[in-house]
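Both complexes shown next keep chain A, but they swap its partner, so chain B is in the first and chain C is in the second.
After this line comes the complex of A and B, so read on.
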């Protein structure tokens, strides 16, 4: 695969939190038009990787490109779905209000939503089967419904690349199925979907391309090639890798400081 | 006429603080008002020494500068040092307040500057300090200062409303859209700083905090949208000003104290009604299969 055909390219991407690398030297090219899974154990830097690609966390070393361009030039073609738990769902807003946020980037400071925006918002709600809940308070939603709202907001952005952080966590079976069907239909429209995921059982069925990581990149490739015992051991292997051992030693010796 | 000016002045404070307080409590930063209102002390003292007068303008500038300094310190501790937000607020403002106290006690023993007044204010004096157009009085100085502030705050919030809501609700999504999180944080904090600084002189730091956190918290209990929350908060704030004033007159007590007490009672009342309604709604649901 050449860089110009890639959806995401990262080069030496490294993020260090508190003297410990959260991701280290991540270097890969991801294809376009595929459902791509990013997998690894807890604390392996999956979310940090997405945040570094989206410029939410500034990488200490390295860079990433999207559609072979710097992020700022293609920002309106990318949609980011944060972890559901990262926001306060008691915020006074309706389902409709949250999905409307997907149109904010295209509006200025004061412009009102156009008829087209409103149509897109409604259409996005229908795609996640949340249209009947448009006026519902977000504080009254179940976990699965919250996730659907986040996805509707992403769809409303009408992007070409979607980065989703753990969309399958804490959702009911019917939502999980609805999400995967949605991902497939977006893929069929030619969109690229990058999904942080942690359930090994479903990984093979859901993803066409897999990125396996544990702070470092372990493997990146078509799912059927990457999903083998060797890679799984390297990713999830019981003992710590040398790198994380060194990092832990460094951290223990330094001044103890609490993470937020 | 005195009644009118006191209530109007307090209502302007209520308006500004209700708008900004709604953002602050949803950001879990209501105590930033507390921080700013205490941290302005060293700025006021230094401005007083430099200008050698108690004229409002230098004092306001000094206070505004130290308000921004404490905001920057809090931002630095919580984002760069990764200290918890509440700890960052606590350490920053007590430090600055302490410097203010030292400055007053060391250099200002004969100074006509009273930290009590900074903390508690005296809204009853508002109608005494008038400004004149020619020979004609056009109302208290505090009223005009707060009125101008209200215009600034309302305009600033209308212009920034969408970005402020987005960065409040979902910071990482906002960042992914390319919105400058830090800029909007300071935009909000500068507004809070301005409001606190111009308000404390008339109503005192403690009432400012009551106005920042109380009415928005009460509004939050019954609101369905963020805009509505702001409107309800303004309503609760203004009605607390009116009720508080007449309670104080009736009891012949502290006006600021009565207003803060009414704010507390409003919350207790609304909270009880909401809880009572919830309970009766739960009892209404028929038990299936029973």
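After this line comes the complex of A and C, so read on.
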């Protein structure tokens, strides 16, 4: 794969939390038009990777490009679904209000919602089967419904690339199925979907491309090639001892990772 | 009490010239703090509000020492600077040290407030003639304002209102989901900066009326009270402004009427009262509402349980027959006291006719009702015996409770799902209106 054909390119991407790398030299090219899974154990930096790609967390070293361009040039083509638990669902807002936020990506701080925007919001609600709940307070939603609302907000952005952080966590079986069907129909429209996931059983069925990581990148490639015993052991079978020793040294002695 | 009301009315009639100043001053200062405070509350930064309000004190004192006089603009600038430094320090410490946010808040608050009190004491001992009245900033004194001050506050207030209206969408989004706001390219750092400058300025001005000790209550309480009434952020903001402006005016009216009382405590008493009443009666989570709901539920249960008694009776006897209270009590195994209460509800709703000497019988509507409740009961028994795998002798108690909750829509779903059954698990007929 060449860089110009990629949906996401990361180059030596490193984020340091509390003097210790949370992700370390993540370097890959991801294809377009595929459902891509990012997998790894808890605390392996999956969410941090998404946040670094989306510019929510500033990477300390390295960079990432989207559609071979810096994020700021293609921001309107990228949509992000944060973890459901990352917000307070007691916030005074309705389902419609939250999905409308998806249109703010285009409208910015000031422009009002047009008829077309309103149509897109309704359409997005229908795609996740939440249209009857448009006026419902978000505090009254179940976990699965909350996740659908977040997805509807992302769809309302009408982006080409979707980054989703653990959309399958804590949702009921019917929502899980609805989400995967939605992902497939978006893929069929030519969109690229990058999904942080941790359930190994479903991984093979859901994803066409897999990124396996544990702070460092273990493997990135077509699911059938990557999903083998060796890679799984490398990803989940504990951290590399020497690597984590070095990471701890960096933290203890406050060494900088790079110096000029 | 009458005297008190008269005093307040005479305040509101602006009979004294200075009253106008106090009225408009408190209205503006408290109104904008309700507006800005909404986002302090929604961003869960209530304690930061407390830090800022305590930390403006050293700024006021320093501005006085450097300016050598009580010039309001100097004082506000001084207050804004130290207030700003305090929030910056709290965020800095939280981000860059092992000290957690709550500890950082306690630390900065006490250091700044302590320094403020120290400086204030120093000024009071310095014998400067114009120092009198600086201590009013501790608990606030609205009557110390003059018309020029009010114009200054009004000007700043208008700027704050306009900027908040323009940036409302941005403020809302960073309050709900900061990460997403960043992801879609909103200028999050700028929004946070402008919002926090606005908050500091609001606090720096508000201490004139409320005082540094209680200012954070005025920032948070109005929107906390408004939260009991609405789930819409725009309505919430407007309500918060109304609540706080009202408390401001009313509180200063009381303190003005009784000369020498500080304003802040009275304003806070009024706004707290509003919050208390809102908690009791608010439309969203109000305790009163749940109390009323429980009452209406109990009435429905009593009514349906009583009408149910007539169902087996109307199957055996002639429908025209009147039954005495005792007969009904025996037939249903219900104490007379509860039964007569239920009967009076039924009569009120025209489901039965008769009286205690003649006896009671159901009306046509009552017969329909009694069939309906029995039908719901038996449908539910059948439903749970089938889908919860319960033995027929285990389903009755559950159905006794659930029968009252089942709406006509649910009933229809049950009928369809069970394919219009004729018999319940006890082989008893399920009574439909028409077959």
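Some observations on this one:
FYI, the second predicted complex is superposed on the first by the 240 of 260 C-alpha atoms of A that agree within 3 Å, B and C clash if a C-alpha of one lies under 4 Å from a C-alpha of the other, contacts with A are read in each partner's own complex, and residues count from 1 in each chain.
The rule is simple: a contact is a pair of C-beta atoms (placed from the backbone, for glycine too) under 8 Å apart; a residue touches a chain by one contact, two chains touch by 3 or more.
The shown structure was predicted, so the numbers you read here are calculated from the model rather than taken from an experiment.
Annotation for the three-chain superposition on chain A: chain B and chain C clash. Of the two partner chains, neither chain B nor chain C is touched by A:141.
Of the two partner chains placed by the overlay, chain B and chain C both lie in contact with A:87.
Contacts of A:56 after superposition on the shared chain: both chain B and chain C are touched. Contacts of A:109 after superposition on the shared chain: both chain B and chain C are touched.
Of the two partner chains placed by the overlay, neither chain B nor chain C lies in contact with A:179.
Once the two complexes are laid over each other on the shared chain, residue contacts for A:35 go to neither chain B nor chain C.
Of the two partner chains placed by superposition, chain B and chain C are both touched by A:72.
The clash between chain C and chain B in the overlaid arrangement falls on one stretch of those listed (307-315, 325-333, 343-351 or 397-405), that is 397-405. Contacts of chain A with chain B, set against its contacts with chain C after fitting on chain A, overlap at residues 51, 54-56, 72, 75, 78-80, 82, 86-88, 91-94, 97-98, 101, 104-105, 109-110, 137, 153. Per the touch definition, chain B reaches chain A in the complex via residues 26, 78, 82-84, 158-160, 162-163, 166, 168-170, 172-173, 175-178, 220, 223-226, 228-229.
Chain contact summary for the complex, chain C toward chain A: residues 42, 44, 166-167, 169-170, 172-173, 175-177, 179-180, 182-187, 227, 230-233, 236. Chain A contributes residues 51, 54-56, 72, 75-76, 78-80, 82, 86-88, 91-94, 97-98, 101, 104-105, 108-110, 137, 139, 153, 157 to its touches with chain C in the complex. Against chain B, the residues of chain A that register as touching in their complex are 18, 51, 54-56, 72, 75, 78-80, 82, 86-88, 91-94, 97-98, 101, 104-105, 107, 109-110, 137, 153, 257-260.
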